[in-house]
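Below you will find the structure I want to go over with you.
Labels run A, B, C, D and E following the written order; every chain starts at residue 1.
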Amino acid sequence: MLINCVAYRNGRKLADLPVAGISDYLARDDTFVWVAMRDASPAELAQMQAEFGLHELAVEDAQRGHQRPKIEEYGDSLFVVVKTVEQQGDELVLGEIDIFVGRNYVLSSRQNSTHDMMGVRARAEREPHLLRHGAGFVLYALMDAAVDRYFPLVNALESELEQIEERIFAGTSQRDNIEQLYDLKRKVMILRHAVAPLLDAIGKLHGGRVPEVCANSQEYFRDVHDHLASINGILDSIRDTIATAIQVNLSMIALEEGEVNKRLAAWAAIFGVLTAFAGIWGMNFEFMPELKSKYGYPLALAAMFSVCFYLYRRFRKARWL
Amino acid sequence: MLINCVAYRNGRKLADLPVAGISDYLARDDTFVWVAMRDASPAELAQMQAEFGLHELAVEDAQRGHQRPKIEEYGDSLFVVVKTVEQQGDELVLGEIDIFVGRNYVLSSRQNSTHDMMGVRARAEREPHLLRHGAGFVLYALMDAAVDRYFPLVNALESELEQIEERIFAGTSQRDNIEQLYDLKRKVMILRHAVAPLLDAIGKLHGGRVPEVCANSQEYFRDVHDHLASINGILDSIRDTIATAIQVNLSMIALEEGEVNKRLAAWAAIFGVLTAFAGIWGMNFEFMPELKSKYGYPLALAAMFSVCFYLYRRFRKARWL
Amino acid sequence: MLINCVAYRNGRKLADLPVAGISDYLARDDTFVWVAMRDASPAELAQMQAEFGLHELAVEDAQRGHQRPKIEEYGDSLFVVVKTVEQQGDELVLGEIDIFVGRNYVLSSRQNSTHDMMGVRARAEREPHLLRHGAGFVLYALMDAAVDRYFPLVNALESELEQIEERIFAGTSQRDNIEQLYDLKRKVMILRHAVAPLLDAIGKLHGGRVPEVCANSQEYFRDVHDHLASINGILDSIRDTIATAIQVNLSMIALEEGEVNKRLAAWAAIFGVLTAFAGIWGMNFEFMPELKSKYGYPLALAAMFSVCFYLYRRFRKARWL
Amino acid sequence: MLINCVAYRNGRKLADLPVAGISDYLARDDTFVWVAMRDASPAELAQMQAEFGLHELAVEDAQRGHQRPKIEEYGDSLFVVVKTVEQQGDELVLGEIDIFVGRNYVLSSRQNSTHDMMGVRARAEREPHLLRHGAGFVLYALMDAAVDRYFPLVNALESELEQIEERIFAGTSQRDNIEQLYDLKRKVMILRHAVAPLLDAIGKLHGGRVPEVCANSQEYFRDVHDHLASINGILDSIRDTIATAIQVNLSMIALEEGEVNKRLAAWAAIFGVLTAFAGIWGMNFEFMPELKSKYGYPLALAAMFSVCFYLYRRFRKARWL
Amino acid sequence: MLINCVAYRNGRKLADLPVAGISDYLARDDTFVWVAMRDASPAELAQMQAEFGLHELAVEDAQRGHQRPKIEEYGDSLFVVVKTVEQQGDELVLGEIDIFVGRNYVLSSRQNSTHDMMGVRARAEREPHLLRHGAGFVLYALMDAAVDRYFPLVNALESELEQIEERIFAGTSQRDNIEQLYDLKRKVMILRHAVAPLLDAIGKLHGGRVPEVCANSQEYFRDVHDHLASINGILDSIRDTIATAIQVNLSMIALEEGEVNKRLAAWAAIFGVLTAFAGIWGMNFEFMPELKSKYGYPLALAAMFSVCFYLYRRFRKARWL
């Protein structure tokens, strides 16, 4: 579905174009065409391919979707895939923004993503000097907007991890902790698949040899690179911490089990002693003088409970109870 | 066994050739020869070696089989090994496609694989402009077809992992879970051995210095590279997740054991109390006034069961029972 | 908040400047301006941007804070971010020093850090020959001062680890040990995020191509590099050791649990034997000759306790008790 | 001990040489000298050093033995160390082949290895065109023969691993499994030390700048490289799998322990119930009407065994028994 | 403290120098000065700095001590730090040798190390042709002597590990095993910190661009490199094996615990049966015909012990006892 199709000159909006008019405007050197689509149908993509003269493989990738993030050069144009990640309920949902960039055009096409880029266009139209930087700068602005959306997700993962940590050391709901650590790990890996390949790819847009179209925006791409590196660093930390947390949780489970075992041993000992004493005085020997005594029973009870109480105190002191 | 042996000119089929005629056609600059074999005998390979002038080491490798995936240059020809992986019952079976590529020929020879490449040839013959790209493009088409077959396998591994995960957290059949995680890991490693070396090798076919014969298909090989990288990324994820899942499963086992232990402790305590009381009133002291009382027995029973019931409630509340 | 704003010539202090005068002094080739700020407001930063002609992206980064450590070139000026780490109670608190370096100026701006750099300026003013090295040398002095502050923190982590190790092998307070190992790991990772990216970045300031402004201080930056590498090496060691320590602690927990189990088994056996004997002589058969004997009871008691004592000795010997 | 010392011309054997004659033959451009030794004494090595003009450090290394596999250039000659690995009983025994290669000579010296290279020489003498390739080709043939001997060892390790895996999941002899996994790991590491450094080193003999003497055999060395890479890949797999197998085995031990615990809990509960009932009817209250009844005893027994049978069934159903 | 200060010409000793005379001798092109110090005071170092014209940062490093091993170029001189490791009781103690190397001088200064280098000088003086190689060769000889001392330490760690392994599988003193594995790991890491950075650094002294002063000794430094690589490989192996050994030890602990549990379950069952039977015949029902029988008691005992014996045999067979 087409969202916008606008031609600019000198950073100012010229006109909303019909799709069929794109190739005419592209032919003029001083015009810049910026098109945005969403969940584009194969037919729409084919039309765009014809108007912009896009490379067959790039269009195929955009059509098929589920690409890894990447930045590919086709001659002097670029094909960029950025993944969007959105929280829907408790799940992270992956979407995709495919961006075709040429000397004087940008075509962005998003799929399965609620993340519209209207803000980017609005700001660009408000500040014409930015648009004058050309296609490379628009690409930067789109990527920057997409990457900025990763930060709240990463922060959410960080605080989720902190909550689990607290529960681990409070010793509560360990079954849930494991499940949530596992779930967190899965989310981290989803985000990493969105971030890590893009981090590798964006190195091509600053320093060293840089595609013509991005040459005058290198410092901006280095900035995006820096944000991605920062996110990637945090994701690595979380991943590493999850592994440790799972181990620590296992230790806590073993510890708690050990404590239960001790308590079991302690009570078993106390009752065992009680039962053993009772058993002895329940034997049927004829000559057991204490059984005849008037004070036998109370003394026996006293003896039994004293021993039990002594054991209880001792176990208490040893922190078994 | 020979499957096809065809000469093309300008992208169109000229004739089915007898093997002995190959070298004649190769000598003509404007002809392209495309041969497909399956489970080739040493004699067949030797004949091909003679007709195409293949390098001794490459032929030896093809004969011996069980090669790692690789792309080797011999002068201005290429020798490519791609592994096929097929699901047979519950097992992954490895096969191999050896491809010899020269300026104007492609010879493919598959072993232990049901994966015929007829579709590639059919499409190429339907669209003559593709064949005109020459040997590099045919190599791309064959590799692309082989790599495309990895995707359903990888997806199957992913959903198998998801099923195991569900069972882990449902706490059922943990013995099976371990066994299946281990089995899954084995399958992942089989696939990795097919994918990872090829991923390394295919980098030689795009960017930087590229063998002559592939020079005008670089963007296509980059596309295959991208697919392989994507598969490799998923395999890495699965492998990483399996390791975590095994750890998590161990934690779940420890947890369950802990719960059984608690239950054991609880019932042991309840019966221990019962037995201890009974033991006390079973002692043979002569002066135990409660034994004489008419209400002694019912009261004793009531006392015993009250204590037990109290314990039961308490354990229930502490979630030990 | 502005702390200092001073112009130097030939290594000697010329004057305290008003902020508005900076650009005038910068215009003179033989003058060097050194400004220090703390928790700068956006307005202050904007003024500095105007006076020094700083790059928009660098200023944005400084304003936003929470950057990764980095060294970025903007034309022939540098933007450097160094993290400060300070112990506050039991927590490590991150701060940041942003340093803008040009041909004849240094502007440092610290945030959330009590770490003032007065000592650096004082020493520089005492030894004018140092200042004559110019902006690169001042950058080195600031970075060196910041990096030197990491050492006591790293040493503190090392000795914390040693204390935990001792407690692990003493077998005491294992729950605390786990918690502290986890906490230690978190601190190590905070420090690593301060150290590792800077270690990567500072390689750009010595060897190979070096920014103009640092060219004559390369050996000094190599020295800082060396300190960072040394800290990083220790952090890696600690991290590795923590992982082992967690595993070892788990083994110690399992060991202790095993010992408790043995003790439980031993006492259960002893009391079980006692109770079984008592049960036998408590049966109500009419013809049990030993029950009639005068010495039956003492002999029975003696037998029971002998068996128990024998078991006790045996368990003792086997180190179960 | 000298094994062979032969001069060749044009690929054909000229004569068996006395050691003292080597230098004379080396001086002739068209002659090729190939010497094989075994467990050479220092004196023999010294003589060879004199005849061939070998570098002092290379000879020292050969004398000392226990080198890592390596390929070193000394001027335009090469010093190559290849490890041999042999199965002796249940142990892997390391030996070493030191190969000195010059423009027109090869000197091989093996230590602690039963692996003679007679086959290599025999084949070379049967096929004179091979020998005409010169020293580089002989080096290739020796290395290829040595590397080929790694394959059966690696296959043996793989099938050993498979046997252990089967036993792990059959749940038998877990103590042995651990011990054998550990032993297997040790063997894998011995093989890796023989393979991995050679894999690194052999990269120098093909692609890029290659020592003169190997220049026309590059494709052959790439083939050896490929074999080594393949072995190395399998060793990595085995190593990775062993780590998983140890973890899995631990899980199986925990699982089995859990099952024993459950069974213990179940039987303890059944006997506890029995004993508690018996204890109650063993109390000495005077007014326990059921004790007077004629049917009291059989009914009591029936009640007790019914309860026990009910518990047994229930535990059975819950798979605790 | 000064140990030696000697001038050489043409590889032969000229004279023992006073420190103040060093700079005079250095000025002569054909003289070579070799100074050795130990635990040098700041004053001594300052004097050396003046005489040799050493770089300030290098001298600072030497003074401060506790450097990482490194090789740094200052103009056309080198500053080399090599760590010494010495066994003192059960501890590994780190020392340091700082070596300053110039065109015609070597100054070595060791700290906290009993490792004197007299042997190196003695040999060099005995074999004048060696000294003629100049400063690079002396540096090699010193480094080689230091590195050679690592070998016995590494061998000691290897045999310590083997002893622990034997005890693990013998199942004895598992608490000690863990402690010793942990201790071993610590020692490995101390050695690694001495070896690994030097291994990285020494690559600069052979192959590629090499500092002038070492240019004609490259093959010798490659030899040291090789020794370091070999040690590093062994340390990596030990480290990897320790990790596995800790896991294996945990498995052995779990196994033994499982066996204790089984034994506990078995004895508990046997005594439980005995007690249950005794309890039944201890009930006070009036009509229990077997109690009246003359053979009741012996038959009851026989029945009880038969059942127990049967259980004992069965547990024995199942290897629970």
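Note that in this section contacts are C-beta pairs under 8 Å (C-beta built on N, C-alpha and C of every residue); 3 or more make two chains touch, one makes a residue touch a chain.
In this text the structure is predicted, and so the values were computed from the model without any measurement.
Enquirer: Going by the contact rule set out at the top, which chains touch both chain A and chain D?
Expert: The common neighbours are B.
Enquirer: In terms of residue numbering, is the interface formed by chain C and chain E classified as same (over half shared) or different (under half shared)?
Expert: Mostly different residues: under half of the interface numbers shared.
Enquirer: Rounded to the nearest 5 degrees, what is the angle of the rotation that puts chain B onto chain C, matching CA atoms?
Expert: The C-alpha superposition of chain B onto chain C needs 145 degrees.
Enquirer: Please report how many Å separate the Cα centroid of chain A from that of chain C, as a whole number.
Expert: 25
Enquirer: Chain A to chain E: how many Å between their CA centres?
Expert: 40
Enquirer: For chain B, which residues are shared contacts with two or more other chains?
Expert: Only 247, 250, 254, 257, 261, 264, 268, 272, 275, 279, 282-284, 288 qualify.
Enquirer: Which of line, ring, star, complete or other matches the graph of chains that touch?
Expert: Contact map by chain: ring.
Enquirer: From chain A, moving on to its ring neighbour chain B, which chains come in turn until the ring closes?
Expert: Order of chains in the ring, chain A then chain B onward: A, B, D, E, C.
Enquirer: If we count contacts the way the header does, which residues on chain B are in touch with chain A in the complex?
Expert: 165, 169, 219-220, 222-223, 226, 229-230, 233, 237, 240-241, 244-245, 247-248, 250-252, 254-255, 257-258, 261-262, 264-265, 268-269, 272-273, 275-276, 279-280, 282-288
Enquirer: Quick check: in the complex, which residue numbers of chain E touch chain C?
Expert: Those in contact with chain C are residues 55, 57, 61, 67-68, 70, 72, 74, 174-175, 178-179, 181-182, 185-186, 189, 193, 197, 242-243, 246-247, 249-250, 253-254, 256-257, 260-261, 263-264, 267-268, 271-272, 274-275, 277-279, 281-284, 288, 290-294, 296-297, 300-301, 304.
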